[in-house]
Structures are given as structure tokens and as C-alpha cells.
Amino acid sequence: MSDMLDTRGAWLTESELESARERLPIVYIDAVPVRTDDRGEVVQIGLLLRAMPDGSISRAVVSGRVLYGERVRDALLRHLEKDLGPMALPRVSPSPQPFTVVEYFPDAFVTGFHDPRQHAVALAFVVPLDGDCSPSQEALDLVWVSPSEAVAPEFQAEMSGGQGRLVRMALAHCGLLA
Amino acid sequence: MSDMLDTRGAWLTESELESARERLPIVYIDAVPVRTDDRGEVVQIGLLLRAMPDGSISRAVVSGRVLYGERVRDALLRHLEKDLGPMALPRVSPSPQPFTVVEYFPDAFVTGFHDPRQHAVALAFVVPLDGDCSPSQEALDLVWVSPSEAVAPEFQAEMSGGQGRLVRMALAHCGLLA
Amino acid sequence: MSDMLDTRGAWLTESELESARERLPIVYIDAVPVRTDDRGEVVQIGLLLRAMPDGSISRAVVSGRVLYGERVRDALLRHLEKDLGPMALPRVSPSPQPFTVVEYFPDAFVTGFHDPRQHAVALAFVVPLDGDCSPSQEALDLVWVSPSEAVAPEFQAEMSGGQGRLVRMALAHCGLLA
Amino acid sequence: MSDMLDTRGAWLTESELESARERLPIVYIDAVPVRTDDRGEVVQIGLLLRAMPDGSISRAVVSGRVLYGERVRDALLRHLEKDLGPMALPRVSPSPQPFTVVEYFPDAFVTGFHDPRQHAVALAFVVPLDGDCSPSQEALDLVWVSPSEAVAPEFQAEMSGGQGRLVRMALAHCGLLA
């Protein structure tokens, strides 16, 4: 979504990136922002409202590319800051083990996770936030919902491209609802 | 170790607990306390010095029983507070998935994890701490060491009953050393 | 369910087990039986029909206690054989890391996972089966359903005590449906 | 290593791939081949002998790129077949959750995982094999060693670029040695 902003030092022009996207799977991170109680249990999930690659407006989690030379951990922090602002205080896990790997394809029927621009392989993490979040840049809005609201049909209907499923998978990993 | 202190409301007398320990595997939690940098990467591991079930003095992680009616999450917090004090500010993971399950047996040769008192099945977690830790109650001492110090032979030699291996497994899970 | 059959060598009489169940959390395994295609992807889930601890008849996964002195891995194999027969050829994971930990309480409202007899802490695994399964002993029936059938409302309605949620969590862990 | 053989249908010429490798992290899989006993416990690890990207000859696990349009699961199977032959009968996990993510950098000092050709992000899995393995194509040799042999200093000294550490991390995940 925000690849122009990703080019810290011009690794890739937009046209080069487009060309690469037709040839190679792209490394992504997906971060499901959560608020926890003081026992660490998830009480709310943060969902952005934004323009998706397919042109739809959807509720979505934080997502973005890992740059050349960048650690996965740093990509997580960069995208969380970009979408939730500099005061969000994310708590990235000490372990690099993601809770799942999401495979996005231009063909919506391969996995159900859809990205018309590219084949992306996303490492997915649940990330608790301690600070104040403010949607920034391309995100139109940010809402915090309870786990049960997040899986309700009306809310799931606002999530396209597999985002609703990813949220349910994150909740299942946290022992909630599924 | 501190089972007399565990009996919030007298679930079990010491003799009843001893009897149960000869008949049933006991549910435990093992928590490896860590300090992380602001990117979430482990920079230090906290190790207690204490009397072990076999009478030795060993460096050890936080460990203890889950009580009847207690959530795993609450057992983690209770034992962390008991061993590291009330200001340790542990960050328990939003997910109940442990990084491993440690099986302690009275026979030291079954798994290499040894507890002469009982068969314990421990859910093991890496827990980042934000606050000030002070060893409390039975712990004689608490030291913070770097990952490379923790796996050095001289330090590993101070850990009995499989504690050294558990620390290496926790570090491996965090992408470090192993 | 089959605790009389669990007493290989008389670890515990039924009345002793009942007494322990009022005092200590009991270590359990939950195994979600699956059939996979030759790429390892889940194509079917096996569900037993059986009498549940609360007296209801429910679709359920394989579940049972870990005995004193028994490895978790051996408890998995024992319960899979007991419920699915000796020709089921289960493929237990090389790793002891469960995909989740399920906390069953006598109070149905603590976690939503309900066992009126006891507080059980279950290590949950997805187990692919290669052989021929035949429901045995207390299981009344065994059906194999596709992931989408397993999560359909009519099927979920046949699963009590949290079993439907556990199946959805297992599927989410396998990258399916949620 | 075998990227010329990867170009099923000519996605990328060698020069295009080289260019991409200077601009984008490349998606990889790492597969640690194991033999298990009938309880699923690891008894042997398979290690290839081969020319590494840095020109050294090293013991190594199975590793390779994920192609454009290819599922992670299919990339695992393709590289396992390429390195271990068509009769290896790998048992790929039903879950897409890797046990770790390995970040290889051209600079050997970023993570200790070193690939002079590229920045690669590898999803790492332990894969039990049921069949007969024969090293094929670029692999010079294949040996099966016990967990304790694999972590012995003399064997670890034969593994460059972080391969020895990766093997220890895989064993730690399987509850062994570390």
C-alpha cells in the first residue's frame, strides 16, 4: 500500500517493484494489533479502515513489505508506527515464530487470501500495544472492537481479501472464539 | 518449592499433596524471565539461585504449580510475582501456546528433566519483564545475564535438573544462540 | 471417560481419582484426528460421537488423561488407539509444542471449555492418521468430515462443552477456515 | 543453489534473479529432515554435504526458494525431492506455522545466518521422512546422525553459515538436547 514510503534510500523504483512483483513472491509481515488486560489476555482488536489493493475499502490489520536488508522485527515496528502512529508502543514478541504464514495470491481462489498486485508471503503476529494509537497516512480510520464484535457477521462482512479470516485465526491462536 | 504458599484457601494439605504427587502428573508452568530491547529482542535472561527439589543449589527459571481452579495465565503471574517481586511487571503472551512442554520425572533418565518429588508437566513460556525485580521468598539471589553468558559452560554447570537445557531451548525459540 | 481403562497397574482407584479431581488440575491431551493429502494439507477431520462428562451426546475429538509416569507422546498414542483402533497409524508430531492449551473447568463460564467432573489442562495437537480407523470402546460412532462441513452451523450444534470451538481452533492453526 | 532448476516455465533469468537479489528479500524454506521412531520422536537428522553460497563445503539442511505462484507447502516438497530423491516420502506438517524464521544476510554479522548472494527470509520446518533418501543433484553426500552426534563439536565445525545453529534450534523445538 505504502511502497513509495518504503524506499528508504531508493532500493527500488515503483516500476522496478512492479516488475519484481510479477516474478517473485514478496516477503510481508501482517500484525494484528491488540489491547490486553494486565494478565495479557486480549480484550480488543484494532482494525484499520483502508483502501485495499483491489480497490475496495476494507477493515484490515497492519501489513507491509519487509525491505532489503531489514530485519523482520524492524519491519513490524516500522509498519506499526506508520499505520498507528509513533505513540502506539507496540510489544513485539521476543520470538521470531509467527502464529501463521499467510499466502496472498493474485488469484483469489488459491488460498482465499487475495492480493491482485502480487504473490506475498506474510509472517503473521499478534502485537499488543501499550500506547495511544492514531491512524496515520493511508489509513482512513482505526476502531477498537472486542473479540466477539470482530467475529460478528456484520463486521466480518466489512473485511475483504481474507482479512476477516486472518482476524479469526489470530483470535483462535489467542484461545478466543475462533 | 513453595507449595505451602500455594494453598490459597487450603485446597490440599502438604500430606495430601505428597500423596497426589505419587499418583498423578502435576500441572506446572515454567517461565523464563527476559529483558528485551525496545525492538523486543532478548538482551538478558533472569536466573534465580535456589534450593532445588533434589537438595542442590542451582540457577533456575521461575517454576510452580497451577492450582485447582486457576487459569494458566494467573499461575504464571502468581509465580512471577512470588519469585521476582510485585514490581516486576511481567508481559504474559496473549497466546496460551507454550514454546515447549517440559516433562519432569522422578527418574532423571526419562527425559533429562528431573524432579525427585513428582511427575510434573510444565507449560514453558518466555516472559519479558518491564519493571524492577527483586528475588523474594525462597530465591536466594537473582542475576541477569546475556544470552551468551547463559549458555557458557561455566554458567550451564551451575544449572541442575535440566534447567540449563531449558534456558537453551528458550533462547533457541527466540532465535538466539541455541 | 475411560478412566477405569487407564489404570494400567492401578495407579488410582476410581474414588481416589474423584478425590484428586476435586483438588488438582488434571493433565490431559486433546488430539484432533485429521486425514491429509500427500502434500500434508488437511482434507478431513475425524469426529467421534460419544457420551460427554455432562451426560450429553456430542461430536468430540480424542481426549484423555496423561497417567503418572507416562510421556505426553505415549498418552497421545494410547488415547488415539483406544478411540480409533489399533490400525489408525497416527503420525504424532516430532515437537512437543501443542498448538494450544485448553483449560476445562467445572464452571462452564470460565473459559467456555466445560468438564463438570474436573479442572483439566489439555495439551492440544492435530494428528494426521494414515491407517484405517474404527471407533472403539465408548465411542458410539466416527465420522470424517471436510473442514467446511466441520465448521457448518448444523455440525457445530452437535458439539458441546467447547468441542466445536476446539475444532475451529485446530483448523485455524492449519491455515483453514477458522 | 539450484535456481536454474527452479525456473519451471522461465519466471526469471539468472541475471534478472541476480538483480532482484540485490533489491528484495527472497522467500526461502529450510527443511530439517528427520527420521522418527513410531512414537514420533526424532532419532536421526539428515544432513547434506554441499557447496554453500560462500564457496565452502558444508553439512547443510534442505533449503531453497519459493517460486512465484508456488505454495510454501509445494516448495517444501519440491526441494525435499530435489535434494533427497523421489522416494523420500516427506511428511509435511498440516500447519503452516514454522518453528522459526531464519533471516540470512550478505553481512555475516547481522544475525549470524549468512548468505553472500542475498537477503533471504526462510520459513523453517522439521520434516519427518518415511522413505528411502538418496542425495541428488548438487548434494555431494547425505548422512544420518543421531541428535547427540549432530550437536557434537566436531560435527558442528563442519557446518558453516549458521547451519549448525539451525540444527540445534530444530532439535530444541523437538525437545531434544538444544
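A, B, C and D are the chain letters, set down in written order, and residue numbers restart from 1 in every chain.
What we mean here is this: contacts are C-beta pairs under 8 Å (C-beta built on N, C-alpha and C of every residue); 3 or more make two chains touch, one makes a residue touch a chain.
Keep in mind the model is a prediction, meaning the values are calculated, not measured.
**Q** Could you classify the chain B-chain C contact as same or different, where same means more than half of all interface residue numbers appear on both copies?
**A** Both copies touch with mostly the same residues.
**Q** Rotation angle for the CA superposition of chain A on chain D, to the nearest 5°?
**A** It is a rotation of 180 degrees, to the nearest 5.
**Q** When contacts are scored as defined above, which chain pair ends up with more C-beta pairs, A-B or A-C?
**A** A-B
**Q** Would you mind pulling out the distance in Å between where the CA atoms of chain B average out and where those of chain C do?
**A** Each chain reduced to its C-alpha mean, chain B and chain C end up 28 Å apart.
**Q** Please report how many Å separate the Cα centroid of chain A from that of chain C, as a whole number.
**A** Distance between chain centres, rounded to whole Å: 33 Å.
**Q** Quick check on chain A: which residues sit in contact with 2+ other chains?
**A** Residue numbers touching two or more other chains: 71, 95-97, 99-101, 111, 173, 175.
**Q** Touch graph across the chains, line, ring, star, complete or other?
**A** complete
**Q** Using the touch definition from the top, list the residues of chain A that touch chain D in their complex.
**A** Touch residues, chain A against chain D: 11-12, 16, 20, 22-27, 66-72, 95-101, 103, 105, 110-111, 119, 121, 123.
**Q** Using the touch rule from the top, collect the residues of chain C that touch chain D in their complex.
**A** 34, 36, 39-42, 71, 73-74, 77, 91-97, 99, 126, 128, 173-175
**Q** Flag every residue of chain A that touches chain C in the complex, lowest number first.
**A** Interface residues on chain A, with respect to chain C: 100-101, 111, 165, 168-169, 172-173, 175, 177-178.
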